[in-house]
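There are two complexes below, and they share chain A, which is joined by chain B in the first and by chain C in the second.
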Partner chain A sequence: MKQAAYIVNTGIITAIGNDTAACLDALLHSRTGVGKAEYLKTHWSEELPVAEVKASNEALAAIAGVDTKWPRTAILSAIAVKEAMQPVADKLHGLKLGFFSATTVGGMDLTENVYKEFKEDSSKVDFDNIKNHECGAITELVANHFGINDFVTTISTACSSSANSIMMAAQMIGNGMLDVAIAGGADSLSRFTLNGFNTLMILDKQPCQPFDNNRRGLNLGEGAGYLLLMSEKAMQQCGTTADCKVSGYANANDAYHQTASSPDGTGNKLAMGNALKVANLQPADINYINLHGTGTANNDSSEGKAIEVLFDGKVPAASSTKAYTGHTLGAAAGVEAVFSVLSIRHGVVYPNLRWETQMEDVSFKPATELQQGVAINHVLSNSFGFGGNCSSLVFSKC
Partner chain B sequence: MLSMELYITGTGIVSGAGNSGDESFLKEAPSYNTVKLLCIEPDYKAYIPPMQLRRMSKAVRIGIGASKMCMESAGIEKPDAISVGTAMGCLADTEVFLGKMIAQDEQMLTPTAFIQSTHNTVSGQIALLAGCYGHNLTYVQRGHSFEHAVINTQLYLADNPHQQMLVGGIDELTDGSFEALKIAGINRKENSTPADVLNGNTHGAIAGEGAAFFIMTDAKPAIPAVFIKDVYAFTEKDTATAAEKLTAYINNQSLSIDAVMLGKSGDEKSNAFYQLLRSGVFANTSQYAFKHLCGEYATASAFALGILTNAIAKGEALPSHCALNNEASSLKNLLLVNHYMHYYSCFVLQIV
Partner chain C sequence: MSFNEPADSNAPEAVYRALQYSYPKFFKMDLISKWAWLGAETILKQSDGFVYDGIDKTKIALVLQTNHGCLDVDKKYSETVATIASPALFVYTLPNIMLGEICIKHGFKGEQACLVSNEFDVKEMEFWVNDLLQNRGMDACLCGWVDATTDNHDVCIYWVTKENGQLKFSADTMLQLYKG
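Coming up: the complex of A and B.
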């Protein structure tokens, strides 16, 4: 029998807030983080809105207490990890502690500023801008800063990355390989990703409208989100308790196209269905679905159809929170795991912002009004991405 | 690691020393005088449809090629799940898109290179070509990327016993990464010969790249096969402390080791570490090396594991040109010890 991975605390930073309390407040008051880029220097700042964390690297590094020369992804990661670890930071002696992070951009925000000069004459470039380019280097910076070294890893499976880091952390705690884990992910905005998504013609020039019939695409965002996971033994040592746990997880592949989802959401269905199986739950047990809901024509249609089939038409309250935070890519599942925990803890369903028109090919309507005082026992959180990677997590009250 | 025997029933390698689908693979000692060992790529006709091949970057080609050779050697058409380690991902496509984005001031860009630049492109393309809907993960933890893909394999098989997982390590070298790795002191600026790699004491090591894939399962096969008994992976900045940690770990295994495969690269910092082990815990053990074949790169441990499993599966001895001292008379218990920067790992292997 596997041990449960209890969720003891959360850490988050996104365009709607620098910590868990601020993000929850924005969700409860329908405040979006989508707007004009101020800190990302790009040709597209007037045309493509983004969900940016409104602070310079220097200001963010001061919050985290780290070097201002770190890549922005590492700084965002450190801020969220610091918040997640804070209640137990001095109580972990003798416990095996792991750090499971996820990122897709790594140190690209610095690399892209010096790449041209580096290719022309590498000696003219300050190597500090290149040396942390690797995704794993971001995780290593943060792990070293917090003194985590029992197990440190990084997963990069595009938009599903941090769902997989949470899955692996839950498995390693479940098998008794670790006592404590910080699991989630981080990604900063970069010109590389903004332009990449722009070439795919899936960026919305207005604030996005997930699960709306007239949706036009996604807005990119940035941030970091982590869960502090513990075994029962670790909670006892730290004198802490938890109100929910990671109860299910699954990873599947759509095996359809490098960047597009299959029309009927084959991988989506497999991920959701298998996550429910691991949690030993039926679809009817789920009280809230935090949708992947990027706002692209393709994703929302495939995801919606897969949900309709899996839930046999009886779809629980569902909403996408990407209209608030943008699509934070490698951080998305970490960010949305935090929102799922808050949904259970506070009994809330977040409204799917800016929804206006029912989708023609999907019959269920996302939650559009804030619901409070609801009993939320089980939340399903979806994250689907490039490379056919589809992951779903189930969080349950305990 | 969990207590689980991970049997390796298939191997596929594309490397600077050729590919495992070739009859003459590793039969001859290599001969070169160069700064980098780039992959000698196979004829992909048997593995990849030509239309698709044209669009693939080298990372994807060598990854698909090695994974197809691996599945062929295991006698399977598709795996149940896929677990890949790559420190740098699809660098060439990343650099193509980055270069154009800067040169064209973010305008008139096309998506192909961006689409193929994501770190999970190789694992995604393998799934797509094989029609594999199973679990699919990509690890990007520098010198432990492959090791973590193996640990994930155990976690997956613990939940889904008797399945067959495709597990690989892959990294490609680009002009950009070679330049950065020279500045970082990992790769050597001057030319190297095989003798420099095996016996030299240089600043940095010859650069390399490659793809090595395996079919791994928890179900004991009927034919002779290598199984992974344990993987010990840790990071350590001090070489003497790293050697102490490994020595303690190996002594704790209380195994009679027939041979050890070492990631000796000729790099001076690295030599200090390997010398402590060679004259210490391995003083009476047959020692082999492999980086004269594949060069130094973050997932080279996958290549080394591949040499071992490939030889065992074919009933061959380990290549003589890999031997650093007396060759092993029998192979039962094997170790693979490697490090990349401050990332160390030790695979404990047995043959059944």
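Coming up: the complex of A and C.
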């Protein structure tokens, strides 16, 4: 019998808030974080809105208590990890602690500057700025800062990255390999990702409208989101309790295209269906679906169709929160795991912002009004990445 | 394997036509994916099916080595950036996409690795394939060297299984077949 991975605390920073309470407040008051880039230096700042954390690297590093020369992804990660660990930071003695951090951008923000300088005058380049380029370096910086060394790993599977890090952490706690895990991910904005997504012609020049018939694409965002997971034994030692747990998880592959989902969402269906099986739940047990809902024509159509089939037309309350936070890529599933936990804890369904028109090829309508005082026992959270990498997580009330 | 067909040229499309394959997506691929796809197709396809028939596809691994990688499409993509950056080219600007194209065609879902080296490093390949088959739960592995520029191509693909075959898998065997 596998042990449960209980969710003891959360840590988050996104364009809508620097911690869990601030993000919840923004979600409850329909405050979006999508707007003009101020800190990301890009040619596209007037044309492509982004969901940016409105603070300089220096200001953010001061919140986290880390070096201002770290890549922005690492700084965002440290802020959210600090919040997640805070209640138990001095009680973990003797417990096996793991850190599962996802990222896709890594230290690219600093590397971009080196690249520019190198082309202009290679003798003036500070090559220290590329030493934390690779994704794993971000995790190492943060793990070392917090003294986590029992198990440390980085997962980079595009937009499903942090769902896979939470899945792996839940499995390792489940099998008794770890007592405590901090699992999620972080990604900062960078010119590399903005231009890459722009090349694919899937960025919206206006604030995005997920699951709307007239959706035009996604807005990129930045942030970090982590869950503090514990076994029952660890909770006893730390004198803490949990109100929900990771009850289901699954990963599947579409094997269809580099960057597109298959039209009928083959991988999406497999991931959702298998996550429900692991949780030992029926589709009717799910009270809320936190959609991947990027706002691209392709994703929302594939995801919507897969949900309709899996739920046999009886789709529970569902919404995408990417209209608030933008698509935070490697951090997205961590951020949305925090939102899923808050949905269970506070009995809320978040409105799918800016929704106007029913999709033609999907019959269900996302939740568009804030619902409060709802009994939310089980939440399904979807994250579907490039490479056909599809992951779903199920969170359940204890 | 080699492409000593009537059309053994540097145009993968000519080889594709000579071998009478029918897979329209082939024409969307970048240069290295086309050669990798042709290499895989030629070695895997048999008169009455595929060499992997009967093997669990979740246990078929794939390891390819390259030198130039996807440089050909990188250059073409970078030329389009000045006007309208091409999404169709952009999605091929990673060398490991050639593995994905093979997996999509044949449904392989095992472990995969794409290695970059100056020349075909048979010792390195021997290590990875042996590790996959002996320690990572894989039953078979498609592996080899795929390198291409507009003027040249160099493709050598091997099918390795745990079953006893005519040849014992080793760095030396790979080298002999490659040079031969």
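Basically, the second predicted complex is superposed on the first by the 389 of 398 C-alpha atoms of A that agree within 3 Å, B and C clash if a C-alpha of one lies under 4 Å from a C-alpha of the other, contacts with A are read in each partner's own complex, and residues count from 1 in each chain.
Please note the rule applied: a residue touches a chain if its C-beta (ideal position, glycine included) is under 8 Å from a C-beta of that chain, and two chains touch if they have at least 3 such contacts.
Just so it is clear, the model here is predicted, and its values are computed rather than measured.
Partners chain B and chain C clash in the overlay (superposition on chain A). For chain A, the partner touching the most residues, choosing from chain B and chain C, is B. Of the two partner chains placed by the overlay, only chain B lies in contact with A:192; chain C stays clear of it. By the touch criterion stated above, A:154 is placed in contact with chain B alone, chain C being left untouched. In the superposed pair of complexes, A:397 makes contact with neither chain B nor chain C. Applying the stated contact rule after C-alpha superposition, one finds that A:354 touches neither chain B nor chain C. Legend: residue contacts after superposition of the two complexes on their common chain; A:82 is shown touching neither chain B nor chain C. Looking at the shared chain after the overlay, A:270 reaches chain B, while chain C stays out of its contact range. Applying the stated contact rule after C-alpha superposition, one finds that A:259 touches each of chain B and chain C.
After superposition on chain A, the stretch of chain B that runs into chain C among 44-52, 134-142 or 260-268 is 44-52. Within chain A, the residues touched by chain B in the first complex and by chain C in the second are 195-196, 198-200, 253, 255-259, 387. Chain A meets chain C in the complex at residues 195-196, 198-201, 253, 255-259, 387.
Taken together, the chain B residues at the contact with chain A in this complex read 1-2, 82, 87-89, 94-95, 97-99, 101-103, 105-107, 109-111, 114-121, 123-125, 127-128, 130-142, 144-145, 148, 152, 155, 158-159, 175-176, 179-180, 183-184, 234-235.
Against chain B, the residues of chain A that register as touching in their complex are 42-44, 104, 106, 111-112, 115-116, 118-119, 122, 127, 130-131, 133-137, 139-140, 149, 152-158, 164, 168, 171-172, 175, 177, 191-192, 195-196, 198-200, 250-259, 266-267, 270, 278, 386-389. Residues 81, 85-87, 90-92, 97, 100, 103-104, 107, 109 of chain C touch chain A in their complex.
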